[in-house]
Each structure stands twice: as structure tokens, then as C-alpha cells.
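In what follows, chain A forms one complex with chain B and a second complex with chain C.
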Partner chain A sequence: MQEEIPLEGGSGWSQDQRAELVLGALVCLVVCLLAAMLAFVLHEAWPSFSHNGLSWFGNGGSVDNQIQAIFTSGDVKGAPVYTFHAWPLLWSTIIITGAAVLIAFVSSLFVAVFVVEFAPDWLKRVLEPVVRLLASVPSVVYGLLGVLILVPLIGNDLITQQEKVSVNPTIQLSGYGLLAAVLVLTVMIAPIMIAVFADGLRAVPRNWLEGSLALGINQWRTFWHVAVRTARPALIAGTVLATARALGESVMLSMVSGGVGFAPNPADGLIFFFEPSRGLASTILFNTEELDSPPMKHTLYAIAAVLLFSAVMLSFTGWAAKQPMKRYGMVA
Partner chain B sequence: MRSTTRRLALLATVLGVLALPATAAARQVLIGSGSSAEQPILNVLFKAYSKLHRSIAFVYTPNGGNAGVKDVQSGRSAFAVNTRPPLPSDSGTTQYKLYLDGLCVAVNPANSLANLSVNTTKNIFLGLSTSWSGIPGSNLSTTIDPIGRNSTAGSYTFFQSAILGGKTQASNVIPQTSDGLVATAIKNDANAIGYVGLAHAGSGSGIKPLTLNGVACNATTIKNETYPLFRYIWGVLPTAHPSVAAERFLDWLRTDHNAGRIIARAGAVPAFNK
Partner chain C sequence: MSATALATAAPPDPPIAAPPPRRCDSSASWRLSDRLGLAVAWALGLFFCAITAAIVIYLLLEGLKYVSPHLLVTHPTAGFSESQTGGFLDPMIGTAIVALIAMAIALPVGISTAVWLSEFGRPTALARIVESTVEMLAGTPSIVLALFGAIVFESPVLGFLSQTTNHIVLGRSFFAAGAMLSLVGLPLVVSSVREGLQAIPSHVREASYAVGKSKTATTRRVLLPAARPSVITGAMLALGRVIGDTAIILVLLGSTLNLAGAGGAPLLSTLRGQGSTMTSYIYDNAPTGEGNQPEKAYAAAFVLLVIVLVLNVVVDFTGRRARRLQWS
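Up next, the complex of A and B:
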């Protein structure tokens, strides 16, 4: 019936107006859905937060024993138990995500610079699709590679018997731990960063670079000081995107990070890198079978709320960091 | 106007094609839920049963045995499959023994250990025994790497009550989210020990099941209930007005010899109407 309505004027709305209306409604719908989801998660999470107060984020006792006490209290229909101190899980998420993002950022930046500016054309044509493909590999594939190759390698070749004895029976060092988790996570998020960084670097106006070259400044310095500086909003956008993926990663990390609620201690020296832990997202995955126990459900929603809040803060920080760079005239 | 008509005709055709299978087959869909550990065996049984009875189709949600019982109580599922015996909280349901399964304790083939007592197993998983040098029969003198299941798994609950006397697995036990990952971890680490379902301890698994208190972990010892870690898998139906089709399916599963053969091939032990 579309063809019969006049494009402009007449009795009805113009096509532009209708498109605007439909798109506006869709945006409102998405925003409403998001708000509803936030409200729902916070509502479900409230019992866990209100019972524990700020000590929810603190350290105290074995978090795994607390989780077990929480879900058994729901199964036997007694008084619900809510005591939960999430510090080991928070700490695990912070160090694994932090280390992976840091390593991935530095390496991705150099790879992106190479791909955009220095690689010969034939190599560019190979590298670009490869990076995009790597960015879309499902995380469980990386998890499998980690479990089958990296974890046995670390467990059998890097960890010595003395190191294992020194922490036994508190924890087990067998390859499942920080090192494996950080390495696999880095490999997982680096392609996302490279893809976004490269897009940002390519968008830098060519004549800016040519201007610099014409002044006799060499290619490396030109690119580093002009292109990379200009593309900083893209660097932030890529980092925010990759950090969000790392924060929410559950399947791969639950396979290689060790799965125990233990807070790795940097004071342990070299052993620190081999210590097992379990992050927030993996904890949700580990305990989904007990969602029917009401206190466990509220606790898992509380974890989800913390993850959601971190994601929101991450986007906000990214936005705030981009503001002072607006004067460079590039927005990513 | 013509293009609109054509579009409408196309839409009608597409809708017609979509509606066709629903009307032609008119299958009865049996909704079940429960144990995730038993899902591989159940999937094979569903397929075989649907082949025998073309009018029956299955939808099974592996949300855990306890959740399955609650689904039957609330009428969300026609049947459930659970790995623990009935509890007082299961009121309003009738439960049947479907078949048997066993939890095997296994080590890496590089370990010369062949037998373990229930008590030593308990000490290892409670973190009291930490070195292979303290375990008679083992050629290793290294640290023991115990591998377990995550605390919400049915196998964990079963192991906890049958071996650990209700105590919690020690913090040096690395928890895995599936039996397959436990088997992989044992295969890749000479110092490892772990527990997996019978289906995961077969000859191709690359791990070595131990005898427990001198009794091997196999179909025979599980069937005659001499192996310490045998367990029944239970079928759950509502006591009031159970679905006739679900009842028939569970009856076939626990009495029919073809079903028994399928169960045995899938890695469990038929109980034949015990």
C-alpha cells in the first residue's frame, strides 16, 4: 500500500516523518527494555545486598562454603541464609580482566599501527580478515584450547614440585590459574581491540600525515605522534568494548581459571601467577543449577548487578575520557 | 497495487508452509526436566522411543534433578529425572527406579595405583592426604591433584554424602563444570585423581578407574550393588493425574529389553524393574 501514499504533503505523514516516528519508538523501546532489565536485576538482587550491607564486597571466610550454605538453606526450606563475602570473586575478576586488558592494549596498539601503516598491501589483505575472524571466534573454543593445550603445558612444565608442596593443601597448582586465564583472555580480546584501533587509525585524514611528512619528520614519528594521538577516542572505544567482553567472560574462564573461590595473593611471589581463582561471571555459570533455591537466586542476581554496574561505569568512563579529546575533531 | 497483492500471496504461502508440519504430524510433545548428568543417556532413549512411537516427541530441559522435581510438582513438566532418592519435600510425586549409574574414582594411567579404600579417598578430597608417597600402591611421590565437580552438581552432592560424610570438598580440589572436563583434567595430569560417571570412565577415556574397597567400577558390580558408589536414577511423575504417555515412556524405559540395551550402550546399567 506504500506506493499510494504521496511522499510529501497531502493528508498523511511524509515518509521521513514516519521513519522518524518508527525509529524513535524503537529507540524508546530499547531504552525501556534496558531500564526494565536494570530494575528487575536490582530488585532480585536486593535481599542479598540488604542482608550483607557493604560486607558483601568484603573478605571473610570461604566464599565457596558460603555459597553452599546459601543454596542448601533454600533447598531444605528453612530460614534463608544470605551471608556472602564476594571479595575473592571480585579480586579474581579485577586482576584477570586488568592484566588481560593491559597486555592486549599494548600489543594491539602496535599490531594495529603495523597493519594500517607499515604492512605491505598483500599482508594487509590477509591480516584484516584474519583479525576480524579471530574477533568473532566463540569464547568456548578458546576455552577448549586452553584446557587441552595451555593448562597441561603450564601444569607439567612450568610449575615445580616445591611450588606445589608449598601451598598444599590450601590450593592446588596444576595449571588451572591466573596465568592460563590471563593468556587466553588476552588472545580472546586482542582481535577486538586491533579491529577497532585499526578502523580509528585509518580514519585519520591522510593530509594531516602528509603535512607532517612534508616537514621532514619520519614515518614512524609521524604516525605515532599524529595518527595515534588523533585516534585516541578510537583507542578508548576499543578498550571499553574489549574490557566489557573480558568482564562478562564466563565459559572460557570457568574452564581454565581453576574454579575455586580463592583470592590470589601477589605477596606469594612467582606462585601468584599459578594460583587458581574464580571470577564473578564464572560464579554465576557454576551455580545456575541452584537458581531454584531463592537465596541462591538473589545472590546470583546480586553478582549480576555488580557486573551490570561495572559495565555501565565502564561505558561512562569511556565517554568521560573521550570528552577532552573532542577538540581533535575526531569522534569514534 | 500489483506488488502488494504479490507480497500478500507470498506471505500466505510462507505461512502455509510454516503451518504444514504442525498440522500434518500432530505429535504429542512430552515435556520433561531434571538431571543434566543423565542428559546424554536420556537423549538416546528419547530418540529410540520417538522412533518406536512416531506420535511422541520430547522436550527435555536439563535444569538439575531438584529443579525437575519442582517442575513436576507445579505441573510445568510431565516427568522429571533425578539422581537422588526421594525426599519428604518431594510430596505429590511418585518416583520410580529407572536404571543404575555409578561414580568411578579414577587416576591418570601413569599412576600405578589400582585400589583405594573409601577412607583414603575421603582423606584425599578433604585435603588430609596431600602426597602420593603416603598412598600405598602408587609409584608417584608427587603432590596429589584432586579434581572434583562444582558444588551444585548432582555428582558432587552424591560424592559428598557417600564418601565425604557430608563434609565439604577441600579448597585444593579443582572443581570442573562437567564430567568430561574432569576426565580431561585427569588425562592431562599424571598426579590427578577425580570422580566421573561410569559413562566417562570407559576404555577410550584415557583415565584409569580404580577399584574402591577392592570392588571394580563396572556394570556388573553396580548392578549387584556391591560397588560402594552405585546410585539409582529416578523417574518422577505427579501422583495425581500423571500423563499417560509419560507413564508409558517410563515403563518402557525401566522394563523393556531394548531400552536396557540402549542404556548399557550409553554407559549406564539397566535395572529392569527393580
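Up next, the complex of A and C:
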């Protein structure tokens, strides 16, 4: 941009060149660290994947028993056991994350529209910081609220004794389950979405809306068709951000979803909503004490690799989805 | 970029607030679908307000009921009732230590990365790689970072950072947790500072070059001071995430409630030892944890919430100040 002005003679390198070099080296270091992490996780995960092949993702047997067998085989002199069918964990993550993101997206969109356009002015002023606050509340606090309020409520009032007895040998319905997990997760990620959505909606040029209003189009239609359409990149950004948080949530879900490796079955009818499960991230958290056992370590890293891969794919999908919208000139 | 959209990217209001559109027609004349949409927006908006109010008020009430000054200055002890288990002095110190270590790493590295991205970024390919790396880091679940850290800090090379017994490195210490938490905060710092730097128009830089300042001097004396609000915002956002993270703490800080030094020099002993933070204290005292003292958990959650609230107020305040400082 500008000519390099050598400030100190002699050294041959100007101050700027040195600064650029140092900063560049630091940045390279960060990149290398992350690349090393990626390689390390994949390398550690490989034995588990290679032993199981695609059936790693499949269903079969009890996951909890498999984990137990994998862990104990680390101490035995014989061959390590790697058999692991992660479908119940995957299914739990998919269904909890999916349901929470879906509910949160729809309601957040409406709430963001309300917050930005239709709420009375005093409410707008109150809600803006409150949404930010809720978005930054630690997940463990949401987990605590879920455990102390929602779980007893579901366990005592929504599940009948008869339902509890009907599934007793297999699983226990005590309130820790799908419904509690989805609700708490929704409450947790909705503020993140609302904050990003509302920022995007606020950034829509006011005169675009006025142009539409001047044509006699009513306020709702104007906002829904002009502002919300324009803010689509922000909608994607918020959804990706919230989904990433939901996907990687381990502590809160381990508190409320019930710690059983069980795949909730939609065919079970109403009970489905109360069935306990355990997601991928929570499984890692549950078993970190068992890292000393090599096969267990590889299995946990395989789970981490799946999580990492999903996170990368998620941000890539968000990026790809935003590409065709660039011509609208609004990039969130 | 999306990570900071949360709190920094509040777009500047249009300079002169346009008068609100006059509602000459009431919604009664609208089409049914429009009225339905409006009704849903109002309903969900009010529902959201209700839930928010319920959460905040409930936590405030429960927290105020159980929190008391002596909890803040007594050590936690093992026990079976609320009166036996002491306070949460150690977790608070733990939170402070972890936050300090994490920010001490994340801030300089984050600011340097942002400066490089915004001011240098010369091989464009490298800049793209760095950008996507930071974005990837932002999306990485913290439990994965925790798992990674658990193995890395168990290696003998890094043994000096944690306890070593019989040549087996424990790998759990404030150093380990702080280092991994800095990775959680890093993307927030980078994207916030970068946004702040890019918001400075180029004529500011050119004016500095014109009086003979080098690029380094310009960055240090002109750009970074001008971008200070976004540096503060980024730091506070990162601090909020660092304080609120639980998974890394649970895995990398061990499971003792009290600060357990590793022996040796006093301060170093603590840093190399295990301990707890507010989040792990809450986790432990929730009904699903080992402590199971819900009243203590409520009190700790209340204190944590107050800390987060203060951070938010700072972010809001600096954001507002930054908005007032408009470049022409």
C-alpha cells in the first residue's frame, strides 16, 4: 500500500517487515496447532473406525455394555475389544439437536421480528440487552434449572405410573429424557438465534421497508417479505451458530437427558417423549475418567472425530448456503 | 464472523431515525394470513418475555434466598447437608485463575491474529486458511477440546504443568484448563477485534503514513487505540464464554472442590494443582452431581449470573461508546 520506510538502518529488515514476520509466524503457529489437533484426533480415532467399519454408525446390542467391554479390555492382556455400534448415541444427538434447532428457529424468527419491528419501544429497549444476557448464560445454569424444575415436573405430573411400569425392565422414566432435553436446549439456543436474527433484521436499510410501505403494502407483509428475506444470511449465521452450540453441548444434556445409551423409539407413542438417552458429547464427558484404557481412548476419540466432522460440515454448509445470497449485498 | 455477531455487530442505527411508519390502516383490514403472522409474532414475543422473566426472576429469588456473604469467603467442605458443605471461595478463586490464564493467552494471540488478518494478510491463501481455521475453532465443541487437552497435557514433555506421581503425569491442572479455554475464547477475540479494525476507514491509516509513521507504529499508536472498544467487547465476550464453560473444567481441572496444590512454590503449586470453578461447583451440587446441594448450586448460579451480567453491561457500554465514535 505504501512504501516501506526503513526506520533503523543496519539490520536489513525494516520494523514493518519484522512485525509482519512475527505476526505471520504466530498466525501460522495457531493454524499448525489446529491442524495438529485435527490430525491427532483423527489418528487416535482410527483404530475404532477401522475395526468397526461402517457398522460403527449402525445399531446393534447395548451401547453401554459395549463401552464397558471396551474399557475392561484395556486392562486384559488379550486383544483389545473395539466393537462399538454408536447408533443410539448418534440418534440421541440427532433427534435432540434437530428438534431443538427446529423449534428454536421457528420461534426465534417470530420473536426476532417482534423484537425488531412490532414490540412497543420500551419493550424493545428492555429486550435487546436481555436477549444478549440470556445468550451468554452458562449452559450449566440452564442445566441446573432443568434438573430442579422441569425434570421433577415431567417426572411427577406428565408421566403416569402405568407408563413407568410398562417399560420398567428396559428403561426408567423419571423425567430425565427427551422432552426435558429438547425444552432446555431450545431455551438455551433460542437467545443466540434471536440475537443474531435481530442484528440482521435491524441492519436492513430502513428505506427499503419504506419503499414497500409506500406502495401500500401492510407492515407485516413488508417486514416478512422484505426484511426477513434480506436478512437471510443472518438467519443462516444464527442457525449455524446455535446448531454448533447444541451439537457440542455436553454438560447440560448430561444433566437432563438421562444417562442411558438408549435410542428413543418414535413407535413407542407418547412414551417416546419421556425416554432417556445420551448424546455423543455427553458420552465423552461420562467416560473421560476411562482414558487410561487404550481402546476406550480410541473409541472416545472416534466420537470426538464425528462431532468435529459434523461441526466442520455445519460451518461449511452455512458458508455454501450464504454464497448465492451475496448478490443481495447483505452479508452477515 | 458469526461468532461476534452476537454482541458486537449491533449495526449503527441510521443517523437520523426515520419516523415510524404511520399506521393509517389497522390490522383489521389485512389479509388473514398477515393477521395470523402478526398474532403469532406477538404471541411468541410475549411468551418469550414471560419465559425470560420467569427464568430471571426465579433465579434472582432463589439466589437471593440462599446466597449470603459468608458463602463467598468460606471454603467448600465435604458434607451431607447444606449447612455442612461450606461456601464457594475456592471455586471463585478457581474461576478467576482459569479466566486469567485463558485471557492471558487468548488476548495477545487473538489481537495479533486479528491485526495480521486485517492489516497484513499478505499471502491471500494463508489469510483464507487462517480465517477458516478460526471459524472452525469457533465451531469446535468444547468437549472435543477437553478430550484433546486431556491427552496432550498427559505427555511427559508437558509434565511440568501438572502433578507427576511415579512418572505418570496427571495432566489436570489450572494450566491445562486455562490453555484449552483460551482456544474457546480465541475466535471471539479475533473476530471482534478484526471487525473493529476493519471499521476504521483507510484515510485514518493514510493520514498516519503521510506523517511518516511506519505500519507498525500506525497499528500500535493509531489503529489499536481506535479499535479499543471492540477489543474490550471481544475480551468480555471471550471472558463470558471462558467463565461459562464447564466441559473443559470438568475434564481438565479434576474433581476436587478445594484448591489442591501440587507442591513446590506457593503460587506455582496452585497453578499446577487441581481445583474447581463456579461452573464445576454448580455441576457438582446439582441433583445429578456428586455433591447434590441444590441450595448451594442456586447460590453459585446466582453469583455466576451476576458476573455474566456485569460482563454484559461492560459490553453494552463499550458498544454504545463505540457507536458514538463515528468516523466521518
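We take it that the second predicted complex is superposed on the first by the 299 of 332 C-alpha atoms of A that agree within 3 Å, B and C clash if a C-alpha of one lies under 4 Å from a C-alpha of the other, contacts with A are read in each partner's own complex, and residues count from 1 in each chain.
In this section, contacts are C-beta pairs under 8 Å (C-beta built on N, C-alpha and C of every residue); 3 or more make two chains touch, one makes a residue touch a chain.
This structure is a prediction, so every number in the text was calculated from the model and none was measured.
Asks: On the A-aligned overlay, A:111 touches which partner chain: chain B = first, chain C = second, or both, or neither?
Replies: Only chain C is touched by A:111; chain B is not.
Asks: Where does A:147 make contact in the superposed view: on chain B (first), on chain C (second), on both, or on neither?
Replies: Both chain B and chain C are touched by A:147.
Asks: Answer with first, second, both or neither: which of chain B and chain C does A:265 touch in the superposed model?
Replies: neither
Asks: Touch check for A:285: first (chain B), second (chain C), both, or neither?
Replies: So A:285 meets both chain B and chain C here.
Asks: For A:59 in the superposed arrangement: first (chain B), second (chain C), both or neither?
Replies: Neither chain B nor chain C is touched by A:59.
Asks: State whether A:160 touches chain B only (first), chain C only (second), both chains, or neither.
Replies: neither
Asks: Is chain A touched at more residues by chain B or by chain C?
Replies: Between chain B and chain C, the winner on chain A residue contacts is C.
Asks: Now for A:50: first (chain B), second (chain C), both, or neither, which partner does it touch?
Replies: In the superposition, A:50 contacts neither chain B nor chain C.
Asks: In the superposed arrangement, does A:317 touch chain B (first), chain C (second), both or neither?
Replies: It touches nothing on chain B or chain C.
Asks: List the residues of chain A that touch chain B in one complex and chain C in the other.
Replies: Residues common to the chain A contacts of chain C and of chain B are 1, 147-148, 254-255, 285, 288, 291, listed in rising order.
Asks: Under the stated contact criterion, what part of chain C meets chain A in this complex?
Replies: These residues of chain C touch chain A: 1-3, 5-7, 9-11, 14, 18, 21, 23, 25, 27, 29-30, 34-35, 37-38, 40-42, 44-45, 47-49, 51-52, 55-56, 58-59, 109, 112-113, 115-117, 120, 122, 126, 129-130, 133-144, 146-148, 150-152, 186, 205-206, 209, 212, 214-217, 219, 237, 240-241, 243-247, 250-251, 279, 282-283, 286-288, 294, 297-298, 301, 304-305, 308-309, 311-312, 315-316.
Asks: Note which residues of chain A are touching chain B in the complex, please.
Replies: 1, 3-4, 62, 64-65, 67-68, 71, 75-77, 147-148, 151-152, 155-156, 161, 164-165, 168-172, 174-176, 254-255, 258-260, 262, 276, 285-292
Asks: Quick check: in the complex, which residue numbers of chain A touch chain C?
Replies: That would be residues 1-2, 5, 7, 14-16, 19-20, 23-24, 26-28, 30-31, 34-35, 37, 40-41, 44, 107, 110-111, 113-115, 118-119, 123, 127, 129-130, 132-141, 143-145, 147-149, 187, 190, 192, 194-196, 199-200, 202-203, 205-207, 209-210, 213, 218-221, 224, 234, 237-238, 240-241, 244, 247-251, 254-255, 281, 284-285, 288, 291, 297, 300-301, 304, 307-308, 311-312, 314-315, 318, 332 of chain A.
Asks: Using the touch rule from the top, collect the residues of chain B that touch chain A in their complex.
Replies: Interface residues on chain B, with respect to chain A: 1, 3-4, 36, 63-64, 66-67, 70, 89, 127-128, 130-131, 142-143, 145-146, 150-153, 168, 170-177, 181, 184-185, 188-192.
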